[in-house]
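Which chain is which? They are A, B, C, D and E, in the order written, and residues in each are numbered from 1.
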Amino acid sequence: MSSLLEIRGLEVAYGASQVLFGIDLAMAEGEAATLLGRNGMGKTTTLRALCGLEPVRAGSIRFMGEDITGWRPDRIGRAGIALVPEGRQCFPNLTVDEHLVAFFANRRQVAEPWTPARVYALFPRLAERRRNLGNQLSGGEQQMLAIGRALVTNPRLLVLDEATEGLAPLIRDEIWACLSALRAAGQSVLVVDKYVEKLIALADRHTVIERGQVVWRGSSAELDADHGIWHRYLGI
Amino acid sequence: MTQLVLEQALNGLQFGLMLFLLAAGLTLVFGIMDCINLAHGSLYMVGAYFVAAAAQAADSFWLGLGAGIAGTAVLGLLLELSLFRQLYRRDHLSQVLATFALILIANESVRLIWGPAPLLLNPPAALSGPVEIAGFFYPAYRLVIIGVGLVVAALLYLLVAKSRIGMWVRAGAANREMTEALGINVRGLFTAVFVFGAALCALAGGLLGPLLAVQVGMGESVLILAFVVIIIGGIGSIRGALVGALIVGTVDTLGRALLPTLLRATLPADAAATLGPALASILIYLLMAAILFFKPQGLFPARA
Amino acid sequence: MADALLEVRALSRRFAAVDALQDVNFSVTPGEVHALIGPNGAGKTTFIHHVSGALRPDSGNIHFAGRDVTRLSMHERVRAGMARSYQITNVFAGQTALDNVALAVQGRPDAGSSFGFWRPVAAERRLFDEASAFLEQVGLGEKAGQLAGHLSHGEQRALELAMALATQPQLLLLDEPMAGTGPEESARMVELIEHLARHVTILLVEHDMDAVFRLADRISVLVNGRLICTGLPDEVRQDAEVRRAYLGDHL
Amino acid sequence: MAFYRPARWQNAAVIVSLAMLIALPELLTALDQSYYTGFATRVLIFALAASSLNLVLGFGGMVSLGHAAFFGVGAYVAAICYDAGIHEGLLVLPLAALVAGLFALLVGAISLRTRGVYFIMITLAFAQMTYYLFISARAWGGDDGMPIYERMKFAGLSLLGDEALYYLALGVLALCMLLFARLAQARFGRTVQAIRENETRMEALGYPVFRYRLVCFALGGAVAGLAGALLANLTGMASPNLLQWTQSGTLLVMVIIGGVGYLWGGLVGAVVLLLLEEFLLAWFEHWHIALGLLLIGIVLFAPRGVAALFGKHHG
Amino acid sequence: AGPIKVGFVSTLSGPGAGLGVDIRDGFNLGMQHLGGKLGGLPAEVLIADDQQNPDVAKQATDRFLKRDKVDFMTGIVFSNIMLAVGPAVFQNQTFYISANAGPSQYAGEQCNPFFFNVAWQNDNLHEAVGKVVQDKGFKNVMIVTPNYPGGKDAVSGFKRFYKGKTEEMYTKLGQLDYAAELAQIRAAKPDALFFFLPGGMGINFVKQFVAAGLSRDTQLFAPGFSADEDVIKAVGEPMMGMFNSSHWAHDMDNAENKRFVADFQKTYGRLPSLYASQGYDAALMMDAAVRDVKGNVADKKALQKALEAKRFKSVRGEFKFNSNHYPVQNYYLRAIGKDAQGRVTNKTMGTIFTNHADAYAAQCKMK
């Protein structure tokens, strides 16, 4: 198993207030990993730093064996990391169709790439709204679009930050099913979400952070077995 | 009479397309990248000066036009790299201040280099006279402007609304961070758009120079008109800029042509003589205020 | 139902090609917590927008506390006793928590006119005393002096509630108050809403079914702009159509 | 941005500056530089105009590019009054403020339906209309403007000497600044500041947002009118140039230089810009280049304005 | 006493800058010819830009009057600016030698002992055109001018000497495009057209007029400044054949003018315009008067007498001052054509008025 992602001693600060104090995280190609923790513990910050959206104060990030620390976000994006951001961030001035057409890319020459058509097949609701602008969608529709937009870049690593937020139960199930399918097809994913049971079923490895530090790390079986961790670090 | 109406309609079209040429670059930078560029008019002025100077040196209008456009594009590149790059992220007020400053600098520099007197820029001899169409004469050069305006409109529409580059630019304008995270080099893209906008300015300046005066301060009066156009059309919409330009062109032309006569028929001669021209000169502003009153986002709001 | 607090009759709204709301009849009785659920894009937020006055219907009308408010603007409806929280957190980030709530208090009709040009607000004790009380009520008493932008997500949602409460509404419109909160904070939010429900009527939009079934007295289900059923939680849970369209195997 | 709260040292600073300003004309006369009394009066008047724009822009969040219209209308009211034989400042000044304020009310009522750049442009459009109307209005001198051959009186006292007008301008400015300072911390000021930050939220708290913005806009217009009337008396004329969009731009530049939303922003900006103009001009024929570079420097290195360098926003 | 100080306020930036710069350069050339002295005394010229803004002009004037305590003021191009600064200058009892602006107010009721105009009264050039158009027998004349008082003054000046049928067309001040007007002109088929469109407006108008093919049927007339060397430089060949009126021309045959034109070209690399000639004359006029009072510029009465006496040789030949301190002089007809070297330039065709005064002098009761 080759190493896909390796984060070492990551520290990030917003101005004077430091948020991450040395996060370590590693993923192998084809793996699904999660990042868990309560509100405000630094999950989003970790993902943003990974995508080059926050400057790294200390530590390093290696992706596909290359040191990508300090790269500009677009370069990281082209290297194969795609983000489904917290809060969806659809473009208000692009139609649904344009969201998918504009960012479609198959840089790795995948045999069966994600195309706009495939995304529409996954979320028929989006197909019905293809002429709507990004801000003319319901919250849930925006979430679907954000996932679709990341998929059409055909990334090596798909990063999802609270991608099920605001989705109806049925759709949420669909997303989980879709992630499992992606996973089965060999797509590497890094997920932040609050539905721990679902994550245990989906992912191989879990990292729990608390106040910007890793406090627990282990496999799905270990996490499933120890509900003390759930209670202590996740407030469940 | 029909001939006069026809000619005035053609004039409206021509004035509208001329405004469109000016507004086109502005829509790109202002409407799409959301950067208020008051110095747009200055680029237009500098473009016209470059074209005029080059045309004089080369003794050919077309060579001058090419060289002037290239020169303005280079200037645009330098400006973008040194200043505008910092401005995109700032609020509108900072943009207003910085580009207002650019106007001051540009006007003064042009005066320093070329002196205060207007520069000579004549159309190519072949186009300098009128041509006959359907029994009446119309300046050939104005027909060229109509043609170029239509071509630029079509190209821009395809580029912005239909091409992936256009989508990236719009996405980058709305949410730069996210666009970058999706693998698009927004910085480079914006530079390219700005340079393109500057080249459009020079095209407009070079083409309009033979019709209008190439002089210091030519940018400001035009700038306001261009703003009016894109505001009426709805900021960020190429279609809106075109429609807005045509509306302004037509209304202004017809207003000037008809209002005095109309008022003379209805009002006492004295009142008509003062009111007519006064009304005609504020007509487009009235129009803009009225349109914004009913459609506060312009006719074709790009972002509903 | 003559004694309904909110009564919506035959409300319809179309966005270009989308029928966001079609002939919706809906009522909220005083004192209840009425949940509105439905798939994404069903029109829930749109519905809330119409009730609160942010959008105008194509047809239909809205009665509130016995009065036709269809033509009233948002602030007039607030003054009539409606308050809302937003699906996306919407507080004054640069102001302290206390100032946020004080603004809400100041906006109330009984707090006097806001066309005061001379007397500093800081001197108005009453405003701040009352604001503090509302902060206490949502458990933010300690954070009064903090900038709202520096509060955690869950705290901001609570602050938002405090602001809504400070307008002393008869009806509180809550659009996804649990969105983006972790399990712990969700639980706290549920408790808070439960507590508030004793004083004020609530219309709740939420995708968190645990919360909905715990809080709601009645539930309505909106699908594709149509209201497909209204009833007690158990009835809704059993409804085959609701299961197919929305709940799936949940619960 | 937080609500405006004055810094602690501010009161002391204000008293010291006021004392210095009161002594200034004496000092200038002693130095045989009485020309600068007129110049200082100008600075005070522009400080007033810029501060009135700062009320609209900094506190109300309305970026108006047509503020010069109200400034100019105030000047014309003064000139028309002179023409009509009304020479009493106690009458002229309130009248100028009233007319300019009412005009602003009208413009605001239409413009405030729009937002953002559309608002910038519609205010500009109204200013342009006013400009063209005054240019073609023969009765009011058209392009030549309207002269005021003799300054108004104030409470029966002559303002003929530059000093008298200076003190009048200083008094009006001080009163207006006091009003603004109080207003910024009073209910109205807080309301408009909150609206600046988040309009829909205020609407959802039951505030009739439109009304507050309109009143703020009209108040700004009225004070600008006051400044215009003073300026007309200083220069001895009302000219359509006062209504030109570049004049609005200059006022805007003053506010931005000084610091948007800082009580003293407009004032500081006016002082800085006019001093620069006065002294750069003397040194360098092409001083616009220097000024332009300086402004760009401010944008890049002191984006929140000069006032921000001295005072903190959060009290 | 210190040097003789001259405050020169003019439009040196913005669209009207060309005019102010010409006046300045003419004035400076005059000073150079005088060896930097006025009346044999050392002199200092202070220059300020009014940005074509009356308010700015007023400030600059105040500075010169009160801070620098100048003995003469000059330079202003535009009447509205002159009217703005006039009162302050006169109140200060400083002599203003206008090198261009000639408002009717100062020619008539508001004439002032401290105001001298060494150029022309605003209406004069329009009157001259009206006379030519009348004399040449045109019957159907169109007038194009911006909708502002200056424009309306031009119309009345023109009509003072042209008695035939006219149609007036008012445009927006600062208008760029004249297509609509041109279409109407084409429809109206006038045999002559007189336009008063200062600055860039005039340039645009002429270019578009010729491009529209109207010059074949309609003869163009303009006041001299709309057809001067600066305008010709910007428009070029299309200007050919246009008639205009002026009190000066660069080909005028007198020694002073020959020296002036030659040196101006040598120093500044361009042909002088009538503005330059007026600036030059202003310098000569100050020099002669200072010499006359033997440097005692504090004696205002004597200085006024000396100025009125006009003891200098103007580049435009003979002229004298009227009771209102405006010139009584000849006005010439010029036509634009190619000169011997093939340059497009003005050529003097004849005299329109001899010893022509303005229409307002009668209303002037000079104190």
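Odds and ends about this structure:
Quick note on the criterion: a contact is a pair of C-beta atoms (placed from the backbone, for glycine too) under 8 Å apart; a residue touches a chain by one contact, two chains touch by 3 or more.
What you are looking at is a predicted structure, and each value in this text was computed from that prediction instead of being measured.
The fewest steps needed to get from chain A to chain D, moving only between touching chains, is 2.
The chains that touch both chain B and chain D are E. Identification of common neighbours of chain C and chain D yields an empty set. More contacting C-beta pairs link the chains of B-E than the other of the two pairs A-B and B-E. When each chain is reduced to the average of its Cα atoms, C sits farthest from chain B.
Chain B and chain C have Cα centroids lying 47 Å from one another. Our note on geometry: chain A versus chain C, Cα centroid distance of 31 Å, whole angstroms.
Annotation: 37 Å between the Cα-based centres of chain D and chain E. With centres taken as mean Cα positions, chain E sits 74 Å from chain C. Contact with two or more other chains is made by residues 12-13, 147, 172-173 of chain E. Across the assembly, chain D contributes 132, 136, 138, 288 as residues in contact with two or more other chains.
Contact with two or more other chains is made by no residue of chain C.
Pairwise chain contacts in this structure: A-B, A-C, B-D, B-E, C-D, D-E. Looking at the complex, you find that chain C touches chain A at residues 15-18, 38-45, 87-88, 152-154, 176, 179-185, 187, 207, 209, 245-250. Listed in rising order, the residues of chain E touching chain D in the complex are 12-13, 47-49, 53-55, 58-59, 62-63, 65-67, 79-80, 83-84, 87-88, 103, 147-150, 152, 172-173. Partner chain D is touched in their complex by these residues of chain C: 52, 54, 73-76, 78-79, 83-84, 86, 90-96, 99, 103-104, 106-109, 113-122, 147, 163, 167.
Across the complex, chain B meets chain D through its residues 30, 36, 38, 83, 86-87, 90, 92-94, 96-98, 100-105, 107-109, 111-112, 220, 224, 227-228, 231, 235, 274, 277-278, 281-282, 285-286, 288-289, 292-293, 296-298. Those residues of chain A that touch chain C in the shared complex are 38-40, 86-87, 125, 129, 131-132, 136-141, 143-144, 162, 165-173, 194, 234-236.
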